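Two complexes are shown next, each including chain A; its partner changes from chain B in the first to chain C in the second.
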Partner chain A sequence: MTKAFQFIDVVKTYPDFKLGPLNFELAPGIVLGYIGPNGSGKTTTLHALVGLIKVDRGQMEIFGRKNDPNKIDWKFDIGYVGDVHVFYEGWSGAKNLKFLSQFYPDWSDKRVTELAQRFNVPLNKKAKELSGGNRVKLALISALAHSPKLLLLDEPTSGLDPVVRSEVLDVLFEILEDGERAIFYSTHILSDINRLADELAFLDNGQIVLRTAKDDLTENWRKISFRLNEPVTKFEAVVNHRQEGTDHQVISANYQITLRQLSELGAENIQENRMTIDEIAVQILKGGKDVAAVKG
Partner chain B sequence: MWPLLKAEWDDNKYLLLVIFIFMELNFLTMAYLDRSQAPLVSSLPHLLTVVALIFFFNRRFTEKRVRLQQLLPLSLKDLSVGRIFFQLWFWAGALLLCGLSHLFYGSDSARHYLVWRLLALNSLLISTNAVYLISYDLWTDVSEKSNSTRVAIIILLWIYIFLSGHFYIEPESWPLATADSIPAVNRIFYFTPWGVLLLHLISFGLCFGSVKVYQRRRTYFT
Partner chain C sequence: MLLNLTDISNEPLQSQISRQIRAKILAGELKAGTSLPSIRLLARDQHVSVITVQRAYEALMREELIHSRRGKGFFVSEIAQKEKKELAKQRLRENLELPVKAAMAEGLSSKEIHESVDFVIKEKIK
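Up next is the complex of A and B:
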């Protein structure tokens, strides 16, 4: 099956930062959350994919076509909402959308009208007069109006106040829940994507440290506390371990393996607790590559 | 590419009209003055043209605008060639105004050298346009070339532009030249078809260079 996108050995180096080598892909119809702290390389990944920067090594494909800047066919398949929303500022939202419509054969004015109504965007206002929330909404309309097969979202809600953020996300998720398009959603706020994501990729310092199904994480990760008298050098599948005397608290990336080992060791008072996706994300990003090794 | 050119015109038309009105007033004023009587004053319209051109560039070339264009389904070739044409609105208008003003209102001596002077001005404006674009790309791109190489290229290109402008505007006042050589340079490049042709070849070469530099950019951010 043709991948929605594919990164093959992609490397981009700056004087103080290196992204990659990145080797990952996204299947059609899957929503992938791209999670990482600020400065981890999320935006650089997206900039490389949409052609705003050139990489030093490797290649990227979108639905089987290389993202060659001298060709344009691959651009018809993507809708991109970036970290900065760019318009002709002196033009109204409607005029900006009309301008964009000239470039996309599959552009639908009907869809624009529908989306504008659902987002409640004043399209007659000049872009420079729109609030932050409405600018995001206008960017989303322009990204969705040609019904792209792959939607690339780069922290679209960053800089918005919580009320507007929630409003934008609600409408966005409602629109995207049809499950037909692949979505690559980059964010450092996991709760933004938790509702929608099928899979999660965790990026730390330019490297993907873990790629997993979201359900896998919530099913397998547990906070386990127990009492153990014997000294143990290594617990299996554990990414974080705290000890006070004989009381231990561990975070396990695979609680069944850990519990089996604890049982063999004769641990007592074992209590396991589910973790929220945010708590898991923090552990993964704190652990970096070590977490991937434990998971593997 | 054409929808983008139309959009750029639409976005800039009022600014262009204001610049044109301002320039036309200057052209008309200067056209009344005989060059032999007011050699320095007659250079002002040309200086103003270049200054306005650069002002116009600075307004248009921003990171956001480059990003907007780069994200459109247009090839790099279309975008890089389109950038040169964006400026067409300006220099074509300026040239027309300058030419008509001198033709209808200028003195006899102004009309005498008008054709080659105007064509020379044309090449100067195309060159300035291309050099600005090349400088913008080299300055804003984090490329593989070292900083000093890029700065050196930019400085050399602008030396060429300023020398061309200097010879064009007031060759007699060039401080390093002998009395005979400067008028000769001026005569060859700005008053003969071969000189004007050569200047145009250089300006088209610079345009080609700007297309290539844009396509070779490693990043489209500043």
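Up next is the complex of A and C:
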């Protein structure tokens, strides 16, 4: 099956930062959450993919087509909501959209009207007079009006109030019902994506340290406490360990492996709890490559 | 289909989904032959990811509570009354494991645990 996108050995270097080498891909119909702290390279990744920056090496494909900035065919397949929303500020929202529509063969004015009503955006207002929330909504409308097969979102809900956020998420869930569409959703706020995402990629300091199905994370990671009299130097699959006397508490990236070891060691009073995706993400991003190694 | 899902639970979303559909099937609310919503429709409706629903359906298929027909979607399977009881018991045993273990760790005997179960049935569920 053709990939929604593919990064092959992509590297971008700045004087104080290096992104990559990135090698990853996204299948159609999948929502991939791109999770990382500020400054980890999320926006740079998106800029590279949509051709806003030139990379040092490697290549990127969108539905099998190279993202050549001199061609436009690959752009018809994507909808991009970037970190800044660029409009003609003196024009109304409607005029901005009309202007964009001429670049997309599949643009639908009907879809624009429908989304504007749902989002309750005043399209007659000048772009510069729109609130932050309405600017995001206008950006989303312009990214969705041509029903792209791949939606690229850079922290689209940051700065939105909870009601608007949920309206945006409603629309994203709707888009997914048609199984061909893929979403690449970059954020540092896990709660935005914890229901929506099928898979998560964790980015730390320019490197993807872990790529996994979201449900595997919540299934495999556990907080385990137990009592153990013997001193033990290494617990298996464990990324974090606390001890008070003979009481231990560990965070395991694979609870079955840890529990098996604990039972062999004769640990007592073993209790395990599941962890939220936020708790797990903190451990992964704090631990970086080491955690990825434990998991592997 | 109405499901009641929560993020504030130790139970993962996929188990919440499979448990609630299982309960509807075992209680006879969803009859044999009834079609289930498509994976994508349920995902949209419940605001969960497609893979989450897919895994919940896979679990129910493994238990032979539902089956899929190519191109037609998912349907509730025919389940004998006896088998339903057996499945319900199996679930109960799984659910009891944690509280029973905890009670034993706190020093209760098997007899005392049984008495407590009887008490719950009598006093709490009316």
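Following the convention adopted for this analysis, the second predicted complex is superposed on the first by the 274 of 296 C-alpha atoms of A that agree within 3 Å, B and C clash if a C-alpha of one lies under 4 Å from a C-alpha of the other, contacts with A are read in each partner's own complex, and residues count from 1 in each chain.
What we mean here is this: a residue touches a chain if its C-beta (ideal position, glycine included) is under 8 Å from a C-beta of that chain, and two chains touch if they have at least 3 such contacts.
As the structure is a computational prediction, the values presented were derived from the model and not from experiment.
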- request: Figure out whether A:F76 sits in contact with chain B (first) or chain C (second), or with both, or with neither.
  value: first
Message: I'd like to know which partner A:E219 touches here: chain B for first, chain C for second, both or neither.
response: second
Message: Touch test for A:F173: chain B only (first), chain C only (second), both, or neither?
response: second
Message: For A:F103 in the superposed arrangement: first (chain B), second (chain C), both or neither?
response: first
Field: First, second, both or neither for A:V31, with chain B first and chain C second
entry: second
Query: chain B touches which residues of chain A in the complex?
result: 14, 47, 50-54, 69-72, 75-76, 80, 82, 84, 86-88, 90-91, 99-100, 102-104
Task: Under the touch definition given earlier, write down the residues of chain A that touch chain C in their complex.
output: 29-31, 169, 173-174, 176-179, 194-199, 213-215, 218-219, 269, 273-274, 276
- prompt: Which of the residues in chain C end up touching chain A in this complex?
  reply: 7, 10-14, 40-41, 43-44, 47-52, 55, 105
Query: Touching chain A in the complex: which residues of chain B?
result: 3, 7, 10-11, 64-65, 67-68, 70-77, 142, 215, 217-221
